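Consider the two complexes below, in which chain A is the common component and chain B and chain C are the respective partners.
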Partner chain A sequence: MIVTRELRKTYPAKRTLFRRSGGTETRAVDGLSLSIPPGAVTGLLGLNGAGKTTTIKIIATLLHPTTGTITVDGLDVVRDARAVRRRINLIAGGERMVYARLTGRENLWYFGQLYDVPRATLRARIDELLELVGLPDAADTLVERYSRGMRQRLSIARGLINQPAYLLLDEPTLGLDAPIARDLRAVVARLAQEGVGVLLTSHYLAEVEELCGHVYVIDRGRLVAEGSPTALTAGTRLPHTVELTLAEAAPAVSVAVGALGAEVETGLDAEGRPTYVLRSPDDLAGELATAVVRAGGAIVRLEVNPPTLEDAILAMAAPAPVS
Partner chain B sequence: MATAMPTLRRNWLVTMRAYQWTYFVGTLATGILTVGLAYLAYHSIGGGRAGGGFAAAAGTADYLGYVTVGAAASMFTVRMVLWVAKAQITEQREGTLESQVLAPARRLPYLVGVGLQSLTTTVVEVVVMLAFAVMIGVRLPAPDPVTLLAAFVAASVAVFGISVPLSAIMITAGEAHITQNTLFVAMGLLCGFTFPPAYLPDPLRWLGEALPVTSALRALRAATLDHAPLSAAAPDLLLCLALGLAYLIVGLRLLGPAERVAIQRGGSA
Partner chain C sequence: MSAALRVFAAEGLKQHRRIFGSKLVVFSMLLWPVLTLATTYYTVLPVTSAPGAAQRWPLVAEPGRLLAFLAAGALAYTFFFSLVQSAWHFSFERVSGTLEAMFLTPASRMALVLANGSSALVQNAWLFGCFGIAAALATGSLHLAHPGMLAVAALALLVPAVAWGAFLNSLLMFSRDSAFLYTLLDDPLWFVAGVRLPLFALPVWVKAIGLAFPLTTSLTVLRGALLDGRDTGELAGHLAFLAGLSAVLLGLTAVLLRVGERHAQRTGSLQLF
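Right, the complex of A and B next:
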């Protein structure tokens, strides 16, 4: 289990050679306590600048916390950094993290050596990973000739070279084509089933909803909510939107719709048919359909749009102070 | 060595793909030019003789031999500093510093791997440069092999040692050119590559002694020009090793915090 307790990270005000820039220090992470269990995908969400990448870099031993503790299976990430590094790996989207003038296979071979992967198993693991990320045909091509997506796929293979017990994924599907991103999600889900603990940040919230059993939402370094994606969305009491189109106008229907107590917008569609848009914290689709039919209306279209995790995150993130 | 040899192999692959022959020509040309210009000055201006003052200051009247050994040491120093000191900032520029730091491999064997590449390259380059020197008429006396080997090892430790804190400075500052060129100018002035440090004022001479390259050069010249036995060169060898190891230890302690500064500068969100 990865456990962070009261994690804080403060960046000092920038200095030039001769003077301070005049800015103030930045608190990127502010008292964050998280648990990332093995065998599950945990999400870490927030708007840009929320502190997600800093948190991941601290857990990955790349940065030291200002205060607070982080342990990985009981190992302290500052004191036992080398032992922690054997148990984790980080895949960051949109960053190179691989050598452009080596081939894909040479990159994995080199990183395998850095992780002390036994030579007897390294060759087979490299082939397996190249297959996994769809690069077997480009294995012996220089990375500088790879497309951005291919580099990202190689970076994913690099992140799996040491068979980490915990995988930190910072926007892993950034820049990937949809089929490759889908394959990666399948790989992540499979790794979690096999017992790997995964911490995922992603701007693609559908990805988070699909993979994560538990999500932490942070804003300006502070934890603002946590729970399953469904619970988080329900907890915000954001409105469900129901769009209704009738075959023809019926005064009794308008009365029935109004009686539901929701916020209602009325109008006409392109073919001149009456439309209703209802917004309510509860899903009123069933009640609406029943009321319309009882009032003698003929439904042409009924579409329900529940609030998404993205809506919930935006609602939770307080507006940034104007300075 | 589990990290050193793969790093050596990686660097060779990258170097041969990126620079091919241009990688070797630059340093070699500098060495050949140094010896060639010294040869011209010695014969055209000095009339084929060094002044008595030179012999007193350098401990030898063999000006061309003195410069040839200095040029070889300079090639070796520049090559080692350029590669070892710039290893981490090159990783940073190529976007691989984080994946490098993320791995459990230690920094010392990684830098040793980079240093081994410099070493193998320099040996070839120095042989070519010495062949040129012999071709234009520089007479190189047979060295004392044991002293030469010891001096070579000590010089390698010294230059490697001084490169490690320099690497920390480079990634902390986020730049390489000012740092490396400042060191090159300081070493060129203080260490005695092409003229005896005895010509310098005392404060500069003492400053030069703080750089292990100065004592390494004395040991190398003792082995090659004076055919000195190991016992005669031992004080310089020990000083050179002690200074080199001191720089190395300081550098290794600085490297971790320097890497974190570099990674922090890379993104703070």
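Right, the complex of A and C next:
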């Protein structure tokens, strides 16, 4: 289990030889407590500048926390950094982190050597990973000849070379084609089933909804909410939108719809049929359909749009109103 | 130990791919030192033709030995400057994002910089090293007290060069603003280390600065062991100084790596470029 307790990270203001450069200290993470269990995908969400990448890099030992503790299976990431590095790996979005003048296979061999992966298994693991990310045919091609997506796929293979117990994914599907991104999601889900603990940040919230059982939402370095994607969305009390089209106008229906207590917008569609748009924190589709039928209305179309995780994140990250 | 050796193997492959991008590179590896030697020789020639030069520097009366003196200088300079270049290239790993990938691994940082330096040294200088030895043998310029002095000369060149390379790597790895070092260590290194001229011909303050660079003493040992027939007894003082200087450089490397990585972990500068 990865556990962070009251994690804070402040970047110092840059100093030049004779004076401060005019910048100020930046607090990127502010009292964050998270738990990332093995065998599950945990999401870390927030808008740009929320502190996601800083948090991931602290867990990855690339940054030190200003205060607070982080342990990986009981190992302290500052004191036992070397042991922690054997148990984790980080995959960041974009095509960086691989050598352009080495082939795909050589890149994986290089990092396998640095991780001291047993010689007996390294070759087989490289082949397996190249297969996994769909690069077996380009294995012996120089990376400088790879497309952006191919480089990113190789970067994913690099992140798996040491068979990490915990995988930190920072926008892993950034720039990937849809089919490759889908394959990667399948890989992540499989790794979690095999016992790997995954921490995922992504701007593709559908990806997070698909993969994550538990999500932490942070804003300006602070935890603002946590829970399952469904619970988070429900917790924001954002309106469900129900769109209704009737065959013809019926005054009794308008009364029945109004009685539901939702925010109602009425209008006509292109064919002159009456339409109702209802917004309510609760899903009123069932009640609406029943009320309309009882009032003698004939439903032509009924569409329900529940709030998405993206709506919820935006709502949570919205600045508090000035009182 | 086994893990460190694997880091050396990995860096060896990386350096090989970086340096040998095309076959022309192999050709240039020989051409560069030969041009360096020719430039040196014809730069020094007017000085040696000056009236009274032979009294101050007897070697100028013997063109064969003068050329061997300059060749030894060019050889040693090639070794040391290839490490400046290698460190310069190492600093670009930050830009490409691979420095972070490297620091994610549990590999020893000291092993990484030593491996990077020694791989660059072997790949950059092996051809000129072979050429130099073959030329010295063919022209009869070698004057050895005993064959073991070849090993002493090789060690006096390689060990401080690797320590120098590791030190430069640790310096450039964490700093974005150390490009000036490249300029600072090019021509001045030629001058203060006695590559073109004997140390006794240089002003005292230049000699004092030169002592801080391992190339200076390496070159004294190299010339003494290979060209002047001196043995370890005669070179003991220089060898001890060189060993001490190498130890200091390696010690500084260890400190810089620790301080540099902690600074990067505090400021997040590993990702800045």
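Please note the rule applied: the second predicted complex is superposed on the first by the 314 of 323 C-alpha atoms of A that agree within 3 Å, B and C clash if a C-alpha of one lies under 4 Å from a C-alpha of the other, contacts with A are read in each partner's own complex, and residues count from 1 in each chain.
Everything below uses one rule, namely that a residue touches a chain if its C-beta (ideal position, glycine included) is under 8 Å from a C-beta of that chain, and two chains touch if they have at least 3 such contacts.
On a predicted model such as this, the values are computed, not experimentally measured, just so you know.
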Combined model on chain A where chain B meets chain C, clash or fit: clash
Which of chain B and chain C A:Leu200 touches, first, second, both or neither: neither
Touched partner set for A:Leu63, first chain B, second chain C, both or neither: both
First, second, both or neither for A:Lys52, with chain B first and chain C second: first
Partner chain(s) touched by A:Arg82 [first = chain B, second = chain C, both, neither]: both
First, second, both or neither for A:Leu32, with chain B first and chain C second: neither
Chain B versus chain C as contact partner of A:Leu102, first or second or both or neither: both
Overlapping contact positions on chain A, where the chain C interface meets the chain B interface: 11, 54, 57, 60-64, 82-83, 85-86, 89-90, 92, 96-102, 106, 109-111, 113-116, 158
Complex interface listing, chain C residues touching chain A: 2-3, 6-7, 9-10, 13-14, 17-18, 21, 96-98, 100-107, 112, 262, 264-268, 270-271
Contact set on chain A toward chain C in their complex: 11-12, 14, 54, 57, 60-64, 82-83, 85-86, 89-90, 92, 94, 96-102, 106, 109-111, 113-116, 158, 162
Of chain B, residues touching chain A in the complex: 2-3, 6-7, 10, 13-14, 17-18, 94-96, 98-106, 260, 263-264, 267-269
Contact set on chain A toward chain B in their complex: 11, 26, 28, 48-54, 57, 60-64, 82-83, 85-86, 89-90, 92, 95-102, 106, 109-111, 113-116, 142, 155, 158
